[in-house]
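Lettered A, B, C, D and E in written order, each chain numbered from 1.
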């Protein structure tokens, strides 16, 4: 790994990070427009076409707002919390594979030659993707907690405690529901998982090959229960409705970020949306074939592209490009579901939330795990 | 070289935050420093190519245990302590001296026995997935008894912790 | 055949005891008394049967030795459950069952007002059983069963009215005093076993032990046995229990404390006479103790006011005579006196019982007097007993007592001193018995107004009559040679003939000097008559004179009236120190010393523990420091070691 | 001595581990606050974990990893109970001084 | 068969743990009777003509040290085994109503205790013996400490520490014996039969005299258990504070473990030392007899009086044993049984009256005979057995002991005979105060009921035993005779054989 590659990778990571940040205002817009759509009203439509420039206006507002810090607060932590809030989402997104890798031909720069390189459309190819993501996102409890405490406000503290408790509780269900997926694909590697979902539905059952060519070979067909559990947990993890107890307006004003305003508030938003993105991306990867197109294999796509374009580097790049958009499309769909759900379902009570987490999701995920084990055994039994 | 740099960086973070844990009089900073330290240790494991362990370290320690600590500290609303250290000049001197002495003894002993332990060259990079499979195989065969014992321990701990936390203050209850 | 007779003989009273024992709550005194009396009657019948069998056997083998089963067998000690019926034991058996059945009969009437007659008869039957074991035992150990058994029954019967503390205490006193004697007896048994290697009477008597003129082992053994005898037969120094034993029902006093149990010691010595004869020193001690007991007991009897106590001291005194006889080697005379004494003393006790019954449990002779007219049968039978005991010529007491006095002079083991004591005692006996008669039956009536004396029922008077007859004529079984030579038809000394070889002859016994014997006899008859007359006079007409004498010899009177302060002496010098010492042992040795040592040791450990505990003050960080120090030390070994 | 600064070997990890351990130990010994003591214990446990992983990695042996798992599980358990104890103590004394545990002596 | 008898109670203890409370008593009673019937197997199949060990079972336990599970019965131990199993149903019956707290634990303790006691009597391996010996402490400790009187904790700890103190020395001596076995036999062993073969050096008059030291170490442990004179003070406290069944089992069986230990271990293992110290132990025994009797005389508490009488009675057992002749040894074995029956019965009777009046102060009683005639009769019969009136069991034992003692040492014999008198004195004194005289305080105040059927049953069984053993002792003595003869004849080179064909 030479310096240039490091440089390229750094640039790539920065780009991915920036992309994630840029998605946030977009999502805010979607959220507001979407909620208006669902509630049969207009939403922001004054600034720019379709109100798209509202995002910019908001950004300006955020930046220019007064820096308000409660007098009794712990200043260090008060500032630290929003910064930390960015971290989990940011780090987790690095491990998401958005598309197939493509090559970069060798080139000369400043008198020395570099390359050729293979570029992953992914922050870093981390060997144990899932573990890494879980590990990093488990840190998400801190900012909330710190923010709540540092604000020196009862509502904030309550919100922070609720949030962290919720995060920890649902992390269990989350982790357990994914175990099924891991067992199914026999790997922690996200790329391998995506690769395994290529093509049409085929599996073994008591040693018999069974093909169902009318369906794509997606995880959801193998893990329906796991999918539901995982999806629910993702909602809870990202503190969104119907699990937004930490910031339940009616009870806690705005929970842990009651005292936050302006840019710091924005950072919490970024963190939250980052979670949504990572969660949606994981759903796509685990259960919906990642960047793969249904009924179209990678080889098929390559040959299709090769019909119109040639070039050792160009074709993979284009394939990668197509896959990237397929992935983004799928991602967007799930992000929309997030928004949809938010405006459709009422909020749980806190005890209902906890009992749902511990008494429903966790047992079911364990049941799913056992079921998966049995099926895997059945599949290989001859 | 990169390895060395990253090692020293991580090492610096770990030790600095560990010292902060011990020395900072405010428990909340201690807790946060510890979380940082844990994350640093996870990074160290990562650099040692123990990815799974690193992930678990993050999930268990940084993600769960330390959150609990922070929560408890916050619940009790512990402020900066006036006297963070226990009393007794003699015992303080003794404790400090002994800690330092023991560290220097271990370090000295390690340095002197450097050649015997071999260097990092012998690291064989392995297929990580396979190594995790081996790890789990080991866990469920050779160490299965310990594993089951651990399960029992955890159940007992759950019960015990709940009982303790729910207790009304025992015989000292006012 | 004789096995069955013996079994019947023994088991019949036991069966009676058990029947009455299991229905001890019963108040039906007639049924209980009948059962008991019949059971003893059966025994008596069996005794007679055995007696007649013995009569029909040749002299050399005139005994039954019947073994039922092996009782104890350890090492070379083999004790069979065996019984010996020979001329000596048959005499005792006849006395026991005969007098016993009469007393049982008497008891039916006597106990008619009692709450627990069945229990009483059960005890009484059990006593008979034990007494039979005592006399029939073929070896010392069987005898010992009976020996302790009669003690037990005596204890139970003395304390029969246990709600009275005094009576319970009297029972206990009897048992414990007897126990002291028993301890001696046990030692004697051990010594004999050591010397002979067997406990069987026949083995011991025919072991061929050599004469012990000094104070050798044999003498010691015999003295140990004699200690046992002093306990059971109430001799100095262990006689104290017998007067107190009068706390029991009067028939009990008659049966146990006059006729049978107290003679066990005499029986035992007679049983072992061939070896007793071998030790002159032991014999002398026995004679001396017997003579002294006779004397002192008689003197104490003079000043008693309790009718039964007088009889009790009289019994002790008469027992002293018997031991005197044994001590001088006149074993036959001893047994003879046992027999006659059984008759007249039982008679007098039963008579006194009749009186007491009539007087509603009043025993003080100062509150009696003139009872003659109220209860003529009792009076006349009592007169027979009185005459017998004071030695009226040709009545039973005369023959036996004078034989003893004569033998104490005549026998080479005897001496004039012994005779003198016996002679004076005979005078005193006449005195106090006459005093008793005078105050009780004759003279003015001092009976309280609310008491109406009456004659007892036939079941009580019948035994009196039978015993009176026996008291009068019983002496003819042992007519002394001297007297016999005077009498027409030469009635021989039947007992002597009957015992034959069983009684070892006294070595060196010379030819009898009949003249001396006659004169001694005359002297004692005169003395008895004189003192009897004096007593009558003093207690009927010359009471002022008596009072003056008492006034003059105040100290002596006081001493004698208080029984020489022996009880007080025992209490103050033996029992109390013993208890005090025990208390001291408990408080100072057990609690004060041994426990204290353990406390000191344990406190030392506790203090040490306290010191160590300072390191365990609960300070967790201190603990951690210890761990660290340990780690440091062990690491030091690794690094520098 | 260390052969070179640049080359990272097993000893580096071990010394790091030792340092971390001693820091934790120092905390256990010196701090008054029971919570901080618990944290220090976590530090010590992690120090042990580091040396386990390092050994395991350098000796090509997976047993060390397994041990790390166990250590972690036990540490988590210890933290749970320790915190519950701290809560109990806090309820009583409104403070979490380690000296209050002395009241537990019988 | 021994193992069955030995571990059946343990199994029952386990079963009891899982039974509902109201089943515990009936099951325990039934099991204890069954156990007694099992143990009668030994009586029926015992070969009286040999001194060899019978019913032997041997399984290696810790073969590295030559320790084995080795059990057997001979004439010395057979009746003690039967006594233990005989006492248990009686105890369970006697505690039927008096123990109403934690009955399950109580019965479990009883059964475990039975196993421990039986184990000590049948163990023919020194380490096995030691194991059972120590095991017996724990249930007894619990029985005294949990169900005892007001000062139960003090008493139980005193009991425990005293006994433990002695046992430690025994363990030391035991270990050195095993090492000696390694030197002499080439292999470590704790098999008693092998240990008998050892030639333990005896150096006359030397302080480091190994045999004497080992003997004293063993003797200390046994003497404390017996208990002999200077180390007896735990007994009155333990007896007074223990509940009735505890006292019964303590007096009835546990004390015998000490005297049995003397007979099985101390005497045959160390013949020269025994020779040297015989006078000393006889002296202590005699002191114990007289001292116990004297101190019993002034006790204000019935139970304490009976406890001191135990000291006195056990003194007889000790002197009988050290007489080292057939009479003495037989007598002391017999006296162990007697003491078990009669002192046990006394404790049961005292317990019965205590249940009714809740006082044991002699001064509170008086005139009880009027209120409870049957009880009185029973008590007096047992008293007679205790003071060794002929015809009862006590006489046979005491007579043989006194005779044996007298034959071996006259002075001791004479002194011991004094105890006979004192024994009668304190018992009768107590009987007089409690049963006779006018009605005392509690007798007046309490409505006393005479013995009920259950109590009468217990007492009747015991009284039958009293008379059976007193009237036909041959039945019992026949079993012990050969073994005892073998012991006293070969005292300097004792050895035991295992019955051939086992």
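Quick note on the criterion: contacts are C-beta pairs under 8 Å (C-beta built on N, C-alpha and C of every residue); 3 or more make two chains touch, one makes a residue touch a chain.
Since the structure is predicted, the reported quantities are computational estimates derived from the model, not experimental observations.
Between subunit B and subunit C, the least number of touch steps comes to 1.
Common neighbours of subunit A and subunit E (chains touching each): not present. For subunit A, the chain whose average C-alpha position is most distant is C. More C-beta pairs touch across one of B-D and A-B than the other; that pair is B-D.
Chain closest to the overall centre, judged by the mean of its C-alpha atoms against the mean of all protein C-alpha atoms: E. Chain centres here are means of the Cα atoms, and by that rule the chain farthest away from subunit D is C.
Note: centroid distance subunit B to subunit E, computed from Cα atoms, is 61 Å. Rounded to whole angstrom, the centroid-to-centroid distance between subunit C and subunit E, based on C-alpha atoms, equals 37 Å. We define each chain's centre as the mean of its Cα atoms; on that basis subunit A and subunit C are separated by 116 Å. Centre-to-centre separation between subunit D and subunit E, using Cα means, comes to 57 Å.
In subunit C, 621, 625, 628 are the positions where the chain touches two or more neighbouring chains simultaneously.
Taken together, the chains touch in the following pairs: A-B, B-C, B-D, C-D, C-E.
Those residues of subunit C lying in contact with subunit E across their complex are 24-25, 69-77, 141, 144-145, 147-149, 152, 155-156, 159, 162-165, 168-169, 171-172, 175-176, 179-180, 182-183, 186-187, 189-191, 193-194, 578-579, 581-583, 585-586, 589-591, 594-595, 598, 602. Within the complex formed with subunit C, the residues of subunit B that make contact are 86, 91, 94-95, 98-99, 101-102, 105-106, 108-109. Considering their complex, residues 621-622, 625, 628-629, 631-632, 635-636, 638-639 of subunit C touch subunit B. Taken in their complex, subunit C has these residues touching subunit D: 617-621, 624-625, 628.
Per the touch definition, subunit A reaches subunit B in the complex via residues 74, 77, 126-128, 131-132, 134-136, 138-139, 141-142, 145-146, 148-149, 157, 160-161, 164-165, 167-168, 171, 175, 186-189.
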